[in-house]
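Several structures are given next for inspection.
One chain, subunit A, appears in both complexes that follow, with subunit B as partner in the first and subunit C in the second.
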Partner chain A sequence: MSDPKTTFTGYARYRATGQLAFLLHRITGLGILLFLLIHIVDTSFVYFAPELYDHAIQIYRSLPFMIGEIFLVWAVFYHGFNGLRIIIFDLWKPEWWEKDIAVKSVYWVLVLSILAWLPAAFIMGKAVIENHFLGG
Partner chain B sequence: MAEGKVRTVQPVATSEARWWLWLRITGVLMVLFVFPHVIIKDVIVGVHNIDTEYVAQVWENVLVRVFDFLLLFTTFTHGMVGLRQVLMDFVHSPSGRKTTTWILAVIWFVVTVMGTMAIIGGVSLQPGA
Partner chain C sequence: MKVTLKVFRYNPETDQRPRYDVFHLEAEPNDRVLDLLEKVKAELDGSLSYRRSCAHGICGSDAMRINGRNRLACKTLVKDVGTTIVVEPILGLPVLKDLIVDMEPFFESYRKVMPWFINTDPPPEKERLQSPEERERFDDTTKCILCAACTTSCPVFWADGSYFGPAAIVNAHRFIFDSRDQAAAERLAILAQEEGVWRCRTSFNCTEACPREIQITKAIAEVKRAILTGRLD
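Moving on, here comes the complex of A and B:
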């Protein structure tokens, strides 16, 4: 076991665009995984304990979870787009890791993930308002 | 990193190289499953329209179950290999790495089997429904 403090201060100290992309990719990946683990278990309740499934869904319908869901969807867009960027660079175009393109593509992925997410966030935001503020 | 040319190396066929490649293979495959899943369930259908009845209805189509199995398998495998990648930044001793990998493998196996059983078994009939 290495000293986790060294790794964490390393995250915070080393500042570069690639480092930003790396951190966001890592945080979104771990966040999605935490949700996925819970989500596979609660979905499997349809078979093992259907009444617990409806109870779990009830929790997902609460205001904090619906808002969390909107951000989770952004995390999936960001992680997916950035993952594709990494795969294309690593497996087909390693020369693109050359500084200029690598830095620009970080911002492109960030912008694209937000643009793709906005319509989804709008529709999901509407559902939040309809179900929690208009007595739906 | 030096400006300009990127240095490429021929990767040695170690197990770490295989984990690395697996993250990328599942990554490409998952795009086909993750984006449709999120857009359909979270955005179009919405959590207020999902319940056991809804699941029973969509799972009447075997292709949906196949899709959901591939979604489950690729995402959870990718995620657990990804978590292993993160943990390897903290755990350096060979024995620690071995233990970590085994713990993750057990969690991976149990959760994957649970999910797969549900997809095959389908929605259990509710008493009184």
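Moving on, here comes the complex of A and C:
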């Protein structure tokens, strides 16, 4: 027996550390995919509808989009680091799939992704403030 | 101490939808969640249904979701889960009544991996010898009690009930890495199928849920590696 209701009940209500990484990996993956699809569509406007392309670029410069892009960078870092964690554990170090190490690695990946993201977040955040709040 | 016990109730024959019954009980910190269920059944509501047999963590009957995690009710102390305790059936298997689920889909996957000893050589006079190291190789996966806590904690199993699931792979691992067994190649071929080990997304819920502390994700990774390399080291 399996249905979306069971799956989402589990996602929302089951309590486990490993699942945190599993869910973040899926959410960041889907987020990146969504952005990529939008990006492919708007870039294709250059050829198919140049006037729409300019409009698309305007949307990219809007506040929600610029803030969204900051989180997109985190999503890329998280998805990348977590993917590497799984590849390393699965292909080279199956013995690391052990309770203490694996649970800690979930948090390490989270910390690493945030550390790697901070410089980019700072630069992009500065651009948001300059463009939208200081009239730059 | 006072404990609030919220129990999932559902009888598919009479109920439109599940409900949660709340019981306020007096309990000792060292009482087990199973003790609370026994108390409810004996003194408050005899219609409450759940499985339990040995009540000592060996038979694997009473796996259930306790405060959102799969555990054995007979191995979970009240002091470890707090004074508000929510008890629900394990996820992904059809609920027959209250906390009892239909385990047949689980055992069907289990049988598919041929969880028995296969060796076509004539039996030796005494026993089939094995070194302590060879025995150690699969020691961890001999501990499984088939309670289904791992399989029903797996997000992939929730989404696709035909996935063999962690428990079946653990029991395959127990024979694949047994030096006396001769059917490793067949079991690896079964587990290399679409619903086999490659469906595992290493969410690690299974290892966290196992009441026997089997390193399940590690065992699955070892089976994956054996399929890739063809080696059983």
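Assume the second predicted complex is superposed on the first by the 134 of 136 C-alpha atoms of A that agree within 3 Å, B and C clash if a C-alpha of one lies under 4 Å from a C-alpha of the other, contacts with A are read in each partner's own complex, and residues count from 1 in each chain.
The rule is simple: a residue touches a chain if its C-beta (ideal position, glycine included) is under 8 Å from a C-beta of that chain, and two chains touch if they have at least 3 such contacts.
Every value quoted in this text rests on a predicted model; they were computed, and no experiment measured them.
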Who wins on subunit A residues touched, subunit B or subunit C? B
Output check: A:M124 vs subunit B and subunit C. Expected answer is one of first, second, both, neither. What do you get? first
According to the stated criteria, A:G83 is in contact with first (subunit B), second (subunit C), both, or neither; which is it? first
Quick one: is A:A21 in contact with subunit B, with subunit C, with both, or with neither? Answer first, second, both or neither. second
Just to be sure I read the superposition right, which of the two partners does A:T43 touch: subunit B = first, subunit C = second, or both, or neither? first
Can A:Y53 be said to touch subunit B (first), subunit C (second), both, or neither? first
Taking the superposition as given, does A:P94 touch the first partner, subunit B, the second, subunit C, both, or neither? both
Overlap of subunit C and subunit B interfaces on subunit A (superposed complexes): 1-2, 4, 7, 86, 90-91, 94-95, 97-99
Per the contact definition, I'd like the list of subunit A residues that touch subunit C in the complex. 1-2, 4, 6-7, 9-11, 13-19, 21-22, 86, 89-91, 94-99, 102-103, 106
Mind listing the subunit B positions that touch subunit A in their complex? 1, 3-6, 8, 24, 27-28, 30-31, 34-35, 38-39, 42-44, 46-48, 50-52, 55-56, 72, 75-76, 79-80, 82-83, 86, 89-93, 96, 111, 114-115, 117-118, 121-126
Residue positions on subunit C within touch of subunit A in the complex are 65, 67-69, 91-94, 102, 105, 153, 155, 157-162, 201-205, 207-209, 213, 215, 217-218, 220-222, 224-225
The residues of subunit A that touch subunit B in their complex are 1-2, 4, 7, 26, 29-30, 32-33, 36-37, 40-41, 43-51, 53-54, 57, 60-61, 65-66, 69, 72-73, 76, 80, 83-84, 86-87, 90-91, 94-95, 97-99, 120, 123-124, 127, 131, 136
